[in-house]
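Each chain carries a letter (A, B, C and D) given by its place in the written order, and its residues are counted from 1.
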């Protein structure tokens, strides 16, 4: 596998795996999905077969096919396609990693063990220390905890910027940017990528007031849906709503989002101007509720 | 699949998957393992490919082979061979269930979802209520929590004794027996089956003092190893020690038990007369430490 | 203080502190409360100013007065009056202990530190080991966890029966009796003491079927109210209902139980024959729901 | 009580309660402590009798005396003296609040109930909504969680800046500043106030690189001591070391910090230039470990 020459940076959408109503993978819409991310959301990096993509609910054969389709459709359009290859069984994980290399993916990612697992919290900053001696191809990590002491100390240690330190708690991204996050991986970048990119640009230009204003609007939405119950099923429903591309139902054990959820999420998106409609100026701030 | 005509009752050993030093499955020792359980431990039911058997660290192909070997070796020797078929991916779980039926396993078992999972604690007594309407072949459950209110209410509800209610916290079995547990599934029955059967018999005869004495000796051992760090790796080491059958190392992410652990466990087993040696009477009680 | 010559055994009611509607302590009903416990529930030991008694919501002065009144009213009627003297501030705790000795209480009890506290779970069996060297007057413990390995190892260690090992999870008492609990402390013994005593007697006579039948009926009630939300406020409402003695509202931060809760609890108590009415035979079992 | 006319802002030191070796309060050093905070650390607001001050381990009488002494010594030197008046018993809390008003404290603070407490996580942003209808004198909150979605939504809601929103996780302060925190309450501002003020100034001037550099140095220290075990006892030892003012031992149930801890903390402070010594330039950065 050719390891990425340029660092992974900016927003990385944790892709949904689109499914048909009967639960099979809906391969034909993936091309359209790529175009949507690039053109409508300004997101050019993807993280395939992760939690959002229900990767662990797919068979090995399905995971290979999904990875292939994203790589094929993303060619010359996306900057980096990262394939999540974690599995409970190490051999399957190795097989998926080998396959990702063969199809020309830009990188792989692996979840930490979650069935047989460490009793103690493992600190990322301790893992990073000397990791390239153990994993010469190590490129970076996705940090999805709210312990910003740990994240900060990862950045502190990474002063030569050898690693990509991507933050994974979408609703708190600004707090990680100020600590030096080099990018972010998340499910909301599928449909809030454009708004989040505007936050990134404002931060880059040290316009902290604008950056905070974007962060608060994003927080209002996420805060709202968290209270309704927010997971992969709900992400599928929201993405279908915002992009117009049918994402379909999730696989068991997940249950399809309720119509009530979708109606409430839609109303909230509208009130925040997160759905585009003719005649509405996109930049309007929601009056504070 | 022919569903069991007689209820699953008594002790069920959660079998270890024996491995060679290089991590491959050591099929040839399974026959010897069956004989050991039946003859030395008096255990005639097994639970294959569960947590203790590292079922989720095996590939689907390996799980099928392991199930086949236990069924083949157990024929005419074991009462019931239950195959754990749980997987993150529902299709693989269905494939394993179909396979278990084809090879003539006596039953299957499935772990509750553990990656995408319910936010709230699910009470077993609520699940049991009306379950045969949803799963006509439902036979019972393995209850591995210390919430004996929930377990008790399962038994209370099961007054027609239609289900097997098996307890899964080995070190607290006596407390579940008094609530009406119909059996037990656990890893310690691999090597403490005989002692535990003696406890069951004493309880059956209402000799509560003897039953308690057995329970306390078993607790002393488990309490001791829990403090040292007790999991599947350690179970493999103890079983190798007690049975003389090589169980081998665990697969990653588990790490082999340390020699220090094994030496300490051995000393404790000896002090409790849980290792058989000529010249020592088996029934001697350990002096209270 | 004269330490108890006989061991504390059997049921110990964790007493409620009766209050008037405006939140002051309702001292005049305490005498009636003592008679109710002894005559109607057959409970002759009490645990005063504990969690159920809102001890930590009372001022030091109030705690002293409450203790005095229970000791006075219990004279020649109760076997043992134990005063909980735990406080966040060690000096106040010492003052309360001194006071308990002066008024002739039979014993004191102290909660483990809960504001500044140990990071690790402290095992009771490790605390017991050698405790009389540190606390010569140590008499026993109230164990209110569901870890019956730990509780069992306390009993195992207590083979000379020097300590009272009282179990504090009312709905699982039978499981602790079989492990050798010497008694029980709980809030439900205020109104289910008679039923629980019947369970104790059945267990004593090795009539395990009857003991289990009592345990299941008690579990049905507790299981039901737990689902409705069960705490000190609800205990006050239930005790008012069952005993006819007004327990009044709780103090803030607790909120009074809702009328809906009380109505539901009453209906459940009736369906289980836990409220005495003329013309209903007390021993009738509830049909299994 | 005269409520503060100007908002509480900037750093607020959660004061230690100095004690003598035999555990009595060391009142005479409080004047010196005030001078140290103002002159050496640039900290002019204090939070008295909180967790760091072992407020809940003091008697009511002691809490009154401690509050009086800080108010007296702080007169014309400190901007705001806030007295923590939380207690398990509401009457005592009211008495302390009344007393704080009488002695001329600038404000009071109250911990959320922690013995009888809510089962569900309470979101601060929900509490803030409409709070002045219930508590007309409400001035703000100390937010000591890492859930920056909740904190952000508090700030978002507080667009009229009517409340002080103080952050309480010292090692993550920069991440809260970018979200609009108006100040911070913490124990480390006793001895790292000057460094933290430098971070605040850099942030104010949009010099994010410098602010981050300060944050990382502070994180290195806190990260280091957390791994050694960091609490009130250790804070007393560090403050004694850095300020030269004897803070004494903590009260039970806390145990005095070990000499090994103190030696290690001292070495770390030196390596970070957090102890002032002649001949060392204060601004030198630690080489990255």
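Convention: contacts are C-beta pairs under 8 Å (C-beta built on N, C-alpha and C of every residue); 3 or more make two chains touch, one makes a residue touch a chain.
All values reported here derive from a predicted model rather than from experimental measurement.
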Angle of the C-alpha superposing rotation, chain B to chain C, to the nearest 5 degrees: 180
Taking each chain's centre as the mean of its CA atoms, which one is farthest from the centre of chain A? C
Quick check on chain C against chain D: do more than half of the interface residue numbers occur in both copies, making it same, or fewer, making it different? same
How many angstrom between the C-alpha centroids of chain D and chain A? 37
Go ahead and note the Å separation of the Cα centroids belonging to chain C and chain D. 40
Rounded to the nearest Å, the gap separating the Cα centres of chain A and chain C is 52
With chains as vertices joined when they touch, what's the shape: line, ring, star, complete or other? ring
Which of the residues in chain A end up touching chain D in this complex? 125, 146-149, 152-153, 155-157, 159, 171-172, 174-180, 206, 208, 211-212, 215-216, 219-220, 222-223, 226, 288
Can you tell me which positions in chain C touch chain D when the two form their complex? 56-59, 88-92, 113-117, 231-232, 251-254
